[in-house]
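Letters are used for the chains, namely A, B, C and D, taken in the order the chains are written, and counting of residues starts over at 1 for each.
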Amino acid sequence: MATEVSAASMRKLLNDPADVVKESLAGLAAAHARVLRYDAEAQILTRTDAPVSGKVALISGGGSGHEPLHGGFVGKGMLDAACPGEVFTSPVPDQMLAATKAVDGGAGVIHIVKNYTGDVMNFKLAAEDAADEGIHVESVLVDDDVAVQDSLYTAGRRGVGATVLLEKIAGASAERGDDLSTVAAIARRVNERARSFGIALSSCTPPAAGRPIFDLPVGEVELGIGIHGEPGRRRGPLGTARELAREMVEPVLSDLKPGGSRVLAFVNGMGGTPELELYLLYHEVDKLLRAAGLEPTRNLVGSYITSLEMAGASVTVLELDDELESLWDAPVDTPALRWGV
Amino acid sequence: MATEVSAASMRKLLNDPADVVKESLAGLAAAHARVLRYDAEAQILTRTDAPVSGKVALISGGGSGHEPLHGGFVGKGMLDAACPGEVFTSPVPDQMLAATKAVDGGAGVIHIVKNYTGDVMNFKLAAEDAADEGIHVESVLVDDDVAVQDSLYTAGRRGVGATVLLEKIAGASAERGDDLSTVAAIARRVNERARSFGIALSSCTPPAAGRPIFDLPVGEVELGIGIHGEPGRRRGPLGTARELAREMVEPVLSDLKPGGSRVLAFVNGMGGTPELELYLLYHEVDKLLRAAGLEPTRNLVGSYITSLEMAGASVTVLELDDELESLWDAPVDTPALRWGV
Amino acid sequence: MGSISVIAWMDEVSAVIAAEADHLTQLDAAIGDGDHGVNLTRGFLAVREAVASSGDLPPGRQLILAGKTLVSTVGGASGPLWGTALRRAGRALGDAPELDGARLADALDAALAGVVELGAAESGDKTMVDALRPAVAALRAAVERGASLAEALEAAGNAAAEGAQATVPMQARKGRASYLGERSIGHEDPGAASTALIVAALGRALSA
Amino acid sequence: MGSISVIAWMDEVSAVIAAEADHLTQLDAAIGDGDHGVNLTRGFLAVREAVASSGDLPPGRQLILAGKTLVSTVGGASGPLWGTALRRAGRALGDAPELDGARLADALDAALAGVVELGAAESGDKTMVDALRPAVAALRAAVERGASLAEALEAAGNAAAEGAQATVPMQARKGRASYLGERSIGHEDPGAASTALIVAALGRALSA
């Protein structure tokens, strides 16, 4: 690299910027040895009891910098393995193949792929390799971001907040013993019934780049951002939480067109927005949903799919039915989501 | 106020800065109606099943801006009630008295008080009021911050990270049916055996103030900060995570002088530091503890006692024994900590 | 000789604190947590309303009400401290019909004693005590030498302002600022600054 | 006529990409996620080492090894795309002992086809294809009109650079930049910029 980037040039806790991902994964594994294992060679995380014989295995992966996604969701009732790439960079097929082989319990493996060009291509190459080795892989694409319009003229909708919900619900489906096509169908149902919209109040600084991806003056907001620190679709004056909630919920609902009335409301922090504000935003979202005739019978509030230390939030609405609701409630035991265990 | 502060003058999701706390509490209660209730009149949060007859009740409180502390820790196995003040401002005795009355199940009430002048005085007035009403209140002071030196010439050590551990462990003690003096003794044991040290990589902006409390250039670190956005004891150049971990762990251990070898290691984010960095820091802390002959048999990594969106972290080490370990492991069902349920 | 109207005093305090809130908060940001101006503004606004709508109470009762209202609305360190101060002042007055010079000196003595009892700060610790104690002493001295209440209040106001100013070179030993150790030196204590404003407001609450 | 040394090419690419990494990353920060320079630097460093230590392989095998190494080390969009490109180029060469002009034109044709097959980008979508396609065409045309390899490579390099420059006014329709819609207009595509560097490096890998 041409420029010298070091820990001291950013407000970050790190050693060498090149080692951030590996060192963080080592910490995650040290803290959660009961739940998951880190294979530093293959650069993958697997649940401690993998492979679980006869169970459909779920793996996901993507660039790092979105923690707890995906590593924090490895464990009983959710992912069997995660493949973390460099910050904001899709992992490579070797990782995905190693993960696929490590967790295959004979009932097939599902690749949960967020719809980004890099992720899609790398997972595609990995799936081809896995097929060569006789492992049945089924890919499920997540593309819930309604901020991406005219998807004919783009790489298509991005996979954002729905990823978390899908990994939890499909994980529960696999855990209760559903077969490959059932788990895949449930995962796809979650994706079809979920929509998201995100906003940024600040940029973020990838460690290797050493400076913010974009400049955003105080008092302005990027609307329709993804999770890679990329600018949004447009920029506007920063309104109140009430106004921002409307700017997020409206496109979500008008695209989702929920048929039923029960929903899961997910208010997600981008990494640098504290809980105080997330719950304040949840309050606004909850009111808007009820005003639209929807009842948020389940919710999730917190920073679960992030862009490093970016300030901002996203809203995901998932239309529920009895089965999705009970799969959401099923026990889960991962570093970042845990209940019933 | 002389200056006009509005949502748009900060990178924050809010409506009127004066309403931040109330609106956020309403959101917390809406999201976690299963676990807790918000009494907007009395400005307190109580667990849904309060008062639990025959159980010692635990209440805590303090300024807001430290979320999930304390509201996120209300629920079975932890706090019976929380009294949130304005941002960084101790709550008032009326709140504490209302909470005390709301959760008193006849077995006495413990006030968990972080050692700040304001908190101590307000809780003192409340305890006097409660005594007037015939409720047996026992106060437990938390003062684990080794960054405060010469405590004869200061307001004494601050209560920081140990608060979270104490609320969990004393909550489990109360839940299993221990009497008032036992719960108080266990709480005090946690405080005596825990030490903390915190650092800031950025300041934070209280909503009502509208600007950062202090200026901290990139590349510098405030060492020995508390949780109110106040500057630390000294400022230094920002080193690597490895160096920073040593600057935190060393004063903690040399003050704690652990007799045993088992510890709980708590790496806490100040609000604006993402999980990627917290786990990287945990990795360093874990190594340092082991090098010092200690085994972190339990750990907690995440943003649990924060300063709004401040970037930074704190390290708390709690010396464990069998009883503290099993109380830590006991079921807990709160918005921010949940397991076994 | 003249006397103090508690309603007018609280009106004046409420106005000046609100006007200076930003300055107080900035002082607090430098060595504390940046909420002092907001805290007192909230409190004295509530006090002003409570006292104004409390009907025809003797000044001692009004001060007790003011103190309780502060305790119930401010929080932080300054709430219990100023709340206790005003409650003690009120109790010292009892049901006296008027707040004249001698009674004011007694009341402020009691207020100071309450602050010291609760907060245990000594002079030189860089707290509101460093403004309040000289003010009380100056008022007492002026009253004893037979000065007019107006003159006595001016002396008290000056002493409070000087006391506040004198906190600049001090190292804090109480409250949040004490955590900064030597870094607290060179900044005026916010509580001392607000105390000077509150004392000075007495001069504007004097009725003939 | 001269031929290309794959080892020298990868050496040159590795050096120029490392030198321009910051620039590429800044281009990517403007309309993507700010990792393109870092991604390719990591990848081509690994390629350089792999190819240099792979012993005496024919150029086609070296390119396949380079492509596999890119796929295994880069990730993101550029890893599979350039990885596939080099693998396809290598397969097209087979075990040919030398990478002369005609073979290079065939190899780059295959590379382009691989990129298009995997990424489905068309010309004008503001991707690396907008630099690669004109480069391949220019090379083919120069070789067919009998130009020297050096001249052909210069023509290819110029065409790639012009192609990259031409992405500035385009609106992205593929990859991450497409999410920006009209806001992607006015910025050079990072993948096209790096492609121009990679093609230009061929000229420095020419042995007599």
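One rule holds in what follows: a residue touches a chain if its C-beta (ideal position, glycine included) is under 8 Å from a C-beta of that chain, and two chains touch if they have at least 3 such contacts.
None of these values were measured; they are calculated from a predicted model.
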Where chain B and chain D overlap in contact partners, by chain label: A
Between chain A and chain B, centroid-to-centroid distance (C-alpha), Å: 28
Centroid distance [mean C-alpha coordinates] between chain C and chain A, Å: 54
Chain A-chain D separation of Cα centroids, rounded to whole Å: 32
Where chain A touches two or more other chains, by residue: 87
Residues within chain D bordering two or more other chains: none
Touching chain combinations (by label order): A-B, A-D, B-C
Contacting residues of chain D [partner chain A, same complex]: 18-23, 25, 29-35, 37-39, 41-42, 71-81, 118-119, 172-176, 178-181, 183
Partner chain D, residues of chain A touching it in the complex: 1-3, 63, 85-94, 116-118, 121-122, 124-125, 147-150, 153-155, 158, 206, 208-209, 211, 213-214, 224, 226, 228-231, 233-234
Chain A to chain B touching residues, read off their complex: 7-16, 20-21, 23-28, 30-31, 64-65, 67-68, 72, 87, 201-202, 218-219, 237-242, 244, 271-284, 286, 299, 301, 303, 306, 308-309, 311, 313, 338-341
